Structures are given as structure tokens and as C-alpha cells.
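By written order: A, B, C and D. Residues from 1 in each chain.
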């Protein structure tokens, strides 16, 4: 049994344990990327009857959760997602959470995960969520614009490769009547061109006409939009009148397009800061 | 525009970005503690009308979410929570996620957060969750049993101090008719004994009779329980019969008791591993 | 007592301790700076009667040791020293020691220290070295050319400030007849312009005419030099002849000049790699 | 061209580069081990004609340098060396250099290296040191006494294995007349018992009678010694007299003995702190 005062005195005796915390500040002037990956999402997708090869409800929920992360955390300039993963990029000059890696990644993982459950119904309607899903995360630093863009290109190239494979695979199964094992065997060792050819010659599918959401994934960035709202204002002659007022608001916008080439970056020059800083 | 093959070739060109990941393996043979803290929970509590000074629904939901973390992640031997924080302790010999700090803490943060939303209704019934809440986390290592127990004692001492303060504060407001500013002024500079005295002499409240859940917080550990279930079995004479079968199952059990002193640890000697390893 | 075989078997039992080593790889594509600082060099300078405010023998020995470091370790592109400190910059693409911070900094510290003792006699002649001196070091990463140049500028600005102070201080003592305490008091609160004025009006010294070695410190870089050596060669007619052969060799060259402005970097464009990589 | 005042103003502009330094504080309550390894010592040994398989001058110089490290740096409780390596153990409660890993290991590397050159002549007499040697280092943390002792046992087991091999190898070459290639072939696949057997049956050498310095390496610890010095003191009757005064002094003592078993640690119980702290 400890008395109140004993516990309070004890507290200062225990407080030394704080000094065991280590500093994990991210190197200054580097982009900070937090990537989340779904845990056991293969099983999660099966138990929730995700459509194969892509479930637009699930992809929509991923993007909705990512948007929630961008709106809650400062300084995320772009995020990119595909399948069950999403990457968030903090601007190189960010001082959010004093750049402490642990705080940044846990906050992203937490906000994303609670949003995923919170917005489930918006995308899956009455289909119940059977158990709380989880994501793990990591932090990676990139010193230059080239490195950061190569990171994002790497993830989009990954999206392309997986989606092409999955599209052919599930077409062979769903339309071609193959078992999953047969489809796997059929695709073993095939090149991209072979896969395109199978789709085209056997199923009359031009892969390039598949939805861009599936082929390119989702990039979210902040965009300034002019918004016109009408506001009731008092005129000099004491009359009141509805007046249209235009103001500029930052909003998260989604893009499903190539982010490997130059065009996207030329059209959105404000996303990245200059290297020469 | 990039062709399929061009993107695939490009992928290997981009893959160098993986080498920017740094290794954050936790030092071997140390306890790994992940602590989560609610973000802006002051505002969250107000907007969801949490009862002052303690809302048993909210505390129950915290514990339910912590239980979900313990059941999903291997190797957590004890967790301790109070108010809007929860600490999870991985055993010192754990090799979960290869002891990678980032994976451990993001997974804990993610599982806890999605569970918090998922189980909301179990505790708050029809009262709606207004927005997805979030938690941030950190990792701290403790080399010895002494250090780990001092960490847990530190958190429980914190619980005591805050709860004593909050109990008096809200009693002064709710029963004493003071404004919050007046209650704050009244408590400025008071010692633990003064606060106990106010409660007792002015409101006839013995602080030690307040609920242990509020005074001690919640410790969750694994306990072996003998479970007897009846199973239908075929007897040698081909007859079938209900037979009682006893088996031992590990279950997460909650304790609201002092964990600063020796008793709790003596009664649960399997929680901690020996230092001499 | 342990037999040979017992010890050998034991070794594999002990080898787990290797897994306690942590990875301290430096982030890719950043400049790696190792800075050394003399330990207790105030005392060391006094016991070895260093000339005040600058001892050219000591500065020469520092540079000689730094040159030895550059010649032994790969990938150092520039080093800069002043007083009892020296900074070494590894190129951003270096993979020396797999970029392990601990290896890089200990090797630099070790090579510098053994060289300092080894070359002592070259600079101090018969004056004996009384005890082995030591240096401590640290590693800092810089992601961009701007950051790296600002680092070097910071060190040279430090050189300027200290040397101006020391020059006036020791002039007041050595030529002005002040005690060190009086000189300290005299300089308290003075600006750079005041110090320049004291030197000029009282001692007819124009600070800008002081040796550049003292005012600017020492920058060491690699330079290609054409070297002509004569080589004995056999002519087609079997005759032998001395033939002049020109070849290009990399050599460490010392500069005592401003490295804050653009000129030095424009004249040596190969020192830094481009940011856009 | 920059004026004095411009440079001084500039300095504050550059000072932001300090914030790129990262904190590398060692986890509290762990033993900190710094291990140094000679760089290219195979070549160094050849060029300085080290005696094979062990050169007592070189081993003596290693120990002398290690002693110099222990005398200069606080809080090293034991060091252990063999061949061209030496490990230094800081006590777990040490706060030397605020436990900053980079400072600890560079200081050890620097002091050891300058001492190696400084004391060369004491061990090699007139044989000149041809060039400054270097060592690289690393830091490893050990949370418990068991882990630390296993680390030291690992290094001593390594000493045993290497020395047994080298002893047989060089005996085969120097006394058996084999070439180095023949000796290598002869030893391929042999066990410890085979090697002992070769030494004994072919060369009448009992390995256990080889010098302990070679078989066990060198452990250095601090020991209290009573020292009696005579001091001239004034007696009450104003007479002066030589009086023997005994005082206790800490000195670094060398041991060449087994440190794997219990005996050494039982005889020196003050070296390690208790785990239960």
C-alpha cells in the first residue's frame, strides 16, 4: 500500500526512465516519406469479397483515408497509393513534430487506420466490416528531387507490373475458364508484351483502355481552387445585398495519371521545392 | 507515354531508392515499450461529451482496443493504460518484425486506432463517433527488469497524480459550485494531503474509496485459464456420449491494482523474464 | 580450465553477441562530413610552447596530418582546417566502408592522430612531444551543395572571428604591455570594426595584411597536375634514348583563401557533384 | 571580398548547419564496448618484420596503447586485446561524453593511435616506424552482465582459435620446412585436437605450455594497490622525521588468463556492476 504522497514522491524517482528515449529526428532538408502497407490484406480482401483484380470500393476507401491523413497532418505535399499501400511525402522543409520519425509515422498510421474503419460504410454500404484491419509503416528520407521522383516512379512502376499481371490472370480465370493454378502456369515466364498479347488476341482487351485508376494508381496533391460564394453585405446606403465573393481555397485533389514522366510535374510545379536550397 | 516494357525496365532503374531505408532494429535483450497517446483528446472528449473526471465508456474502449492489439501482435507480455494513453511491452527476447522499431510502433498504432473506431458502438451505443481519432506513438527500450518496472511505476504514479487532481477539481465544480477558474485557483499549490483533505472534509469523499479503475488504471496480461467444454465422443462400444474436456487457454485479463509494489509481480511471476539472460 | 575443443565449441555459443551491433549506414546521396577537434589543446599548446596567437609549426602539422588522411582514405573531396580542428568531406556518392558512420569517423580520427605524432619532428624538430595528443570526432550529413558550402562557410567564419579576436588580444599583451586580464576587459563588447581600429590606430597593423593562413585557414583539395618525367625508351633502330613523358597525377593541394564566396568554387568546379543527381 | 563585419554577420546565417547533427546517445544502463581493429595490419606486420606467429614487441605496444586509453578516458572498467584488436568496456552507468557514441569511439581510436606511434620506440627500439598505422572502431551495447561476458568470451575464444592455428602453421613452416602453401594444405579441415596432435607428436610441443600472453591475450583492469612512500613530517616537538605513509592507488593491471570461466570474475568482483540496477 502506498499513500498519495508516497506515490507522488515516487514519481520523481521513476522519472529517470524518460532518459531512455532516443532521438530519431529526421535529417533536415530531406523529403520524409511514410509508406503504409496493409497487413494480411490478402485474407482481408477474401473475407470481404473484394472484386478481382481490382475492387473500386476498396481503392476508394484507401484514397478517402489518405485524404483524411493529408487534411489532419501538416506539410504532406503529395501522397501516392495503389493496391493496399499508400505513401505520404512531407515537404523537405517540414518541421512537423520536430521531424521526429516515430511521431510522424505512428500518427500517419493511426489516422489512416481509424479513417479506414470510419469511412468504411461510405464505400461498402451495408456490407459489414468483420474485424479491424491494420497497416504497418516505415519512414524513408530522400535528399533530392530526383531521388523522391524516382521513389514515386518506383511505386507506380510496381502498380503497373502488378496490375498487368492481375488483369491477365483474372481474365484467364473469369473469362477463360482456367483454374487459378492453370492461369499461374500460363503466365510463368511471360513478358509484358506477351501479357498484352494474351489480353488482346484471346479476349479482345486493349490493356491501355483499362481504367486509369487501376493502371496508374492515385496521386493526391493540394490544389488552389477559386471558390465563389455569395455573402450578404451591407451597402453604404444601409441596404443589404447578396454579393458574390471569390476566395482561394486549398483542396486535396486526386489524379490517376502517369507520374513517371515530366508532364505531371510541369503541370504542378509547386509540389516540389527546389534542390538548390 | 511509356510502354509496358519501358515501365518494367524502368522499375529496376528506380529500385535503388530502396537502399535509402535505414535499419532501426531495436537492441537485443531489451524490453521494447510502445506508448500511444491520444492526439487532441481534450477536444475529442469535449465533442463526445465524455463524463468528467472519468468516462467509463471511454476507458473501456481504450482497454478493448489494447486487448485487440495484444491479440493481434505476438510477444506483448503486458500493457498498461490510463486516461488517453496506453503502453505495450514486448518481451525482451521477442523477434517480432525482426525487432524493427518502425514496424512495431506503426502496427500497434494502426491496430489500436482501427479497433477504437470498430468497437466504439460497443461502449457508446447510439452516440455517434463524429470523426476518426488518432494517436501518436514512440518506442523506448529498457535493458533490465528494474528499468521496465520503474517505467510502469512512472505511468501509474502519473495516473494517481492526475486522477487525484481531476477528482478534486471536478468535485469542486460539480458539487461545490465553483467555476473551473475558481477550482483551479483553489488547487494551486496544494499537496496530495491537502487534496485528500478537501475531498474528505468538504464532500465526505474518501479518495481511497474511489473506483480502482480510475485510481490505478488498467494492466492487461496473459493468463492461463482452465476451460471445460463438453465434447461428443464415440465410446469403444460405438455409443456416443458428451464428455467434459479440460484444456488450458491463454486469455488477456485486466487488472486494476497497484503495480508499483512487489505483490502484483509476485502473483504473476511469468510476466517478466529473468535479467540474468 | 577449458580444452581447445571446448573453447572452439564455445565460440559459436558466444557468437550471438554480434547481433547486438547496430547498423549506422549514412543516408545515401548526402555529403558525409567528419570533423575532428583537439582534446584539451589549450593545455597541449601551453605545454609545447605554441606561439601566440598562431603557431605555424602546429598549423603545418595539422595540415600534414589531414593530407595523410586524404591520401589514405578514398573519396574525401575537400578538407578544411583551422586552429585545432579539421573537417573532412566525403563525396555524396561515396561507398567507402559501405558508408558506415562509425568506421568512417574512427578511421579518420585514427589516421589523423597517428600522423600527428609521426610527423611531429618534421615541424617541431628537436622539441620533444611530451605525450600523445588526442582528437574527438563526429559525423554530419548534408543533402545539398548549398548545405555543404554553408557548413564550410560556417567554419571559415568561425576562423575569422577567432583569429581577429586572438590577434588583437595577443597584440595588446605582447606589444601593448597589458596583462591577459586587462586585454580581456579591453575587448569585452567590442565589434569587429573596433578590433580592426585598435590594431590599426594603436599598433599600425592592418588586419587584412595578416597572413592568409591565419585569416582563412587551410582548404585541401585534389588537383590534377601534369608531370613531365624522362623515361629511357628503346627506339625502332634499337637505340636507347631519354624521352620526356607527360602524365597527369592527382595531388592534394593546399589553399588559404576565401571559400565563402563563389570564386573558389568557380575555379574548382570538380570538387562538388551536382545536386540534380 | 568580405569585410570583417560581413563575415561575422554571415556566421549566424550559416549556423543552421549545426541542426543537421544527429543525436547518437547510447542507451542508458547498457555496457558500451568500443572495439578497435588494425587496418591492413597484415601488410604493416610484414613491412615491420613482426615475428611469426606472435611478436611480443607488437603485443606489448598494443597493451601500452590500451593502457594509455584507460588512463585518459574515464569509466573504462576493462579492456581486452589480442592480435591487432582491442576492446574497451565503459561501465553501464557511465555518463562520459554524455554517452555520445561518436565521441566515445573517435576519442578511443585517436588516443590509441597516437599512443601507438608515441610508444613505438619503447618496444621496437631503433627499428623505425615506416608510416603512421591506423585502426577502425565500432560501438556495441550490451544490456546484461551475461551479454558482456559472452562478448569477452567470444573475443578470447577467437584468440584461442587463431593462435592455435598460427602456432601450428608457423611451426610447420619454420621447423617442419614446409612452404606456406603446403602448411595451409596440411591444416585444411583439421580439428583442434588434430592441431594439438601435430604439435605434440611431430614437434614435441605441448600447446598448453605456449606463453599465456599468446594463448589468452591481455585483459586490463583497474586494481587498488597499497603504496608506501616515505614523507618528511614535522613532529610535535618541532623535529622533522621521515615517516612511512601508506595510500591506496588505482592502477591498470594486465592479466593473461582465462576470462571465459568464473574464476577471473570471482577474483575481481568489482569489475562488473550488478544487473539488478
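Here, a residue touches a chain if its C-beta (ideal position, glycine included) is under 8 Å from a C-beta of that chain, and two chains touch if they have at least 3 such contacts.
Remember, it's a predicted structure, so these values are computed and weren't measured experimentally.
Peer 1: So which has more C-beta pairs touching, A-C or B-C?
Peer 2: Most contacts of the two pairs: A-C.
Peer 1: Which chain lies the greatest distance away from subunit B when centres are computed from Cα atoms alone?
Peer 2: Centroid comparison gives C as the farthest chain from subunit B.
Peer 1: Quick one: subunit A and subunit B, Cα centre-to-centre, how many Å?
Peer 2: The answer is 28 Å.
Peer 1: For subunit B versus subunit C, what separation do you get between their C-alpha means, in angstrom?
Peer 2: A distance of 52 Å separates the two centres.
Peer 1: Once you find the CA centre of subunit A and the CA centre of subunit C, what distance in Å lies between them?
Peer 2: 46
Peer 1: Which positions in subunit B are in touch with at least two other chains?
Peer 2: 20, 22, 27-29, 141, 147
Peer 1: Looking at the complex, which residues from subunit D come into contact with subunit C?
Peer 2: Against subunit C, the touching part of subunit D is residues 1-5, 7-8, 10-11, 13-18, 20-22, 24, 36, 39, 68, 72, 97, 101-103, 105-119, 129, 131-142, 147, 150-151, 153-154, 156-158, 160-161, 164, 191-193, 195-196, 207, 258, 260-261.
Peer 1: Would you mind writing out the residues of subunit B in touch with subunit D in their complex?
Peer 2: Residues in contact with subunit D: 27-30, 141, 143-147, 275-277.
Peer 1: Could you pull out which subunit B residues touch subunit C in their complex?
Peer 2: 19-20, 22-23, 25, 27-29
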